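Each of the next two complexes has subunit A plus one other chain: subunit B in the first, subunit C in the second.
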Partner chain A sequence: MAKIVVEAQGLVKFYEGRCVLDGIDLKVPQGCIYGLLGRNGAGKTTLIRILMGQETPTRGQALVLGANSQRLSAAQRGRVGYVAEGHQLVPSWRVGWLVSLCRGLAPRWDERFFGHLVSTFKLPMDRKVKQLSTGMRAQLNLALAMAVEPELLVLDDPTLGLDTAARREFLELAIDVIQRDGRTILFSSHILSDVERIADRVGILVGGRLAVDCPLEALKRRVRKLRLVFAETPPQRLALTDIVRQEVQGREMLLTVADWDEHKQAYLETYGPINCSVVPMSLEDIFLECTSRRTPVAV
Partner chain B sequence: MLIQIDHGCDRPVYLQIADQVKRDVALGRVAEGDRLPTVRELSSRLVINPNTIAKAYRELEHQGIIITRPGSGSYIAQGSSRLSEAVREKLIREQIDRLMVEAIHMQIDRRQLFGWIDEALAKFKFPEKGAGDGEDRG
Partner chain C sequence: MRKLVLMELDRVGLVALLLLTAVGLLMAFAAVTGFYYPWHDSSRPPVGSPEELVVVLLAATVVVPLISTVLGWLQTDYDRRWNLTAYVSTRATTRGRMLAARLIVGGLIIVASIALMVLAVAAMFHAFPRLLPVDATILVAIFVTMLAAALPAYAAGLVMGWSQIGRLRILVLLGLLLVILLAVLMMGSRPRAWITLAVLAVAMIGWLHHRYVHQPL
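Now for the complex of A and B:
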């Protein structure tokens, strides 16, 4: 089995009496590209900040590269590349100065790769950070995180605020990083097509819980939306587990079920619908169904 | 080879890629022996995770559409399905039945359907009879 690079064990986090994370269990194996999804305020950044040791969990623990994330040594930290949300870099510093500081602090530094990134992005070394556009700041931040040859790269919503072209360049770069073997990436995003492009595995955070945690291609197979038509009024209660959503309109019932399999199908058929069809769902549809605030009816 | 990914589609990305390669073969756009882009090339071009591309290639290999020669690359295989005659017939007949059901529900009459099938038969490239039956193998 692959080495586990990131692990959360029963993470709970309270902020001023409000529960932000409500028992997160998560494992990211080596070489995996894990896409963390969730609406604003679902707890993505909090989870990442705990993993990076910037925040303490109320309960549970987080392991990064096999060590407790709250007590990472400098050497262990050096193996992790981290791009925090919003690409905050010291605004009054010149880019060249920032780069030389990072280079001096890093235990490992791939100058050739960094140079390649700087020339690809045309990053101006003599300008101040605050004179850079958001896109350039994102690129600089990522280049700095990648130059340290990280075993683990953690990106908190890296494409937030980037325009379409800059986002595309960013993704191309991410693909480039992925192709270097053995790298593990954990990233959060709200752009589903990006996640579908680069993630192997996805997690969807809903209200502080990991509602979904499975391989990307299994997600489309496992979550099913069905339209059932009954001869008369549809049954009020379905004795079926993992119902994500259930909606009744007249004789028609729309049903979204997770972990779909033939057993559930056979079971559903015993209710005798006169017609049953599958409604195709894109990743975006699945996300919306899973994160919808409306609670399932009659479960 | 032009491959386009539709993110609004319910089909997993790796199957979308496999479908399009199969379609290109069926349309005669690519022929036996043609080399496919490497996983890396296609991953960079489509900006898709290389694992997804590799999975699509494995799927195509499994279906006997392509063969991978280690260190050399992936190629379009000779048009020989790995499935037995009986299984092939069953799978295709199922698809035809499904098509008929849909056509009836959409009030398509027989003549119209025949015409469309004729057009499709002309559009796709069917192998010459006898080719790819495996007699010339080994």
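Now for the complex of A and C:
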């Protein structure tokens, strides 16, 4: 059984009386690339900030590399690479000084890899961080996070503000990290095609709850969108569990169902549709189906 | 820890050291010139009195804590404004270590500045023993009091910088500084005053440590 690198146990977070995280239970095994999805304000950044010890949970606890995220030692932090949302660095510092500080603090530092990234991104060491473009700050942030040879890489919407080429470069780098043995990545993103490309497990946060937490392939397999055509008006209500979305247009019904299996298929056929076809779904489609619903179905 | 100490020095250390050293030298210079106007001519009778030196040093006992407050405020205000801790604490360190490095740098700057003043006065004593008939124990007491008052004032500056700046908070902290100075004036340069000030400094640093380590970033 794979070692659990990140674990959340009943995490609850309230902000000024508003529930941002509502009992999150999450396990990320070693070597996994976990894509955390959710609409704006769903709680992704809060969850990541709790995992990084920058925010305290109201209830529950988070474990990172087996230790409580609120009490990580310097050595444990040295095993984690983190890229915060918005690429917060220290704007008033020169890039060279920032690099020197990070290098000095890190228990491990891959100078060759870092040098390669610096030359690839053409990062200027003599300029102040605030003089860098958003893209360059993102690249610098990523290079600093990756140079420490992290066992766990946590990326909070790392491609935000990057152009297509820079995003592609980032993904290639992420894949490079993935290929190194035993590395785990937890990342959040709004760009679902990126998640689809590199994640092997996804979690979808809806209103502070983890509505989906399963391998990407299983998600695609388990969530099924069907186009049903009936001879007459389709039935108003289907006695079927785990319906994510149901839409009727004339004699046609579009039905999205979670945990799809042959039993549900057989049951659906008892309603007598004259035609039943599967509509292919991308991760984006699944995401939209899951998040547009008021009461999400756990998948 | 070495890197964190260097980081602190890089930010405010040099400016603060220059500032406090300038004050130290100024005070020493004022003490020398104010004490004996024709101090290079040993044959002339002294125009000043030994109390003048004490008065100048007592003034330094007020000025040094005020500058220590500015030093502490600079350190934490810079941090808060530029999200320094928010970034650095995600690297291989802890907030406790960062605060320790900050206190080491601030403490060293204060001690170094007072030490410079001590050296200036000691050099003066060594050069003109006949012209400075001041009891050395009084001067030692003043310097210890200066240090004892500077530490809680520095801690107050740290707290002020880390908190969101509000007029009420500034007023409260200025009131606290006034209490420190009044405590010195009322208790005098005695061990009881030093202990009171030390307890005050430890209490404020303890409170800051709690806020600094647990505050969401």
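Here is the rule we use: the second predicted complex is superposed on the first by the 292 of 299 C-alpha atoms of A that agree within 3 Å, B and C clash if a C-alpha of one lies under 4 Å from a C-alpha of the other, contacts with A are read in each partner's own complex, and residues count from 1 in each chain.
Methods note: a contact is a pair of C-beta atoms (placed from the backbone, for glycine too) under 8 Å apart; a residue touches a chain by one contact, two chains touch by 3 or more.
Only a predicted model underlies this, so the values are computations on that prediction, with no experimental measurement involved.
After superposition on subunit A, the partners subunit B and subunit C are seen to fit next to each other with no clash. With chain A used for the fit, subunit A forms the apex of an angle whose arms reach the C-alpha centres of subunit B and subunit C; rounded to a multiple of 10, it measures 150°. When the two structures are aligned on the shared chain, A:182 is found in touch with neither subunit B nor subunit C. In the superposed model, A:105 makes contact with subunit C only, not with subunit B.
Of the two partner chains, neither subunit B nor subunit C is touched by A:41. Once the two complexes are laid over each other on the shared chain, residue contacts for A:96 go to neither subunit B nor subunit C. By the touch criterion defined above, A:54 lies against subunit C but remains apart from subunit B after alignment on the C-alpha atoms of chain A. In this overlay, which is a superposition and not a single complex, subunit B and subunit C have their closest Cα atoms 26 Å apart. Every residue of subunit A that touches subunit B in the complex is listed here, in rising order: 33, 168, 171-172, 175-176, 178-179, 192-193, 196-200, 216-217, 220-221, 280-285. By the touch criterion given at the top, residues 5, 7-15, 40, 43-44, 47-52, 55 of subunit B touch subunit A in their complex. If you check the complex, the residues on subunit C that touch subunit A are 2-4, 6-7, 10, 82-84, 86-94, 97, 214, 216-217. Here subunit A touches subunit C in the complex through residues 49, 52-56, 72-75, 77-78, 80, 82, 84, 88-92, 97, 101-102, 104-107, 148, going by the rule given at the top.
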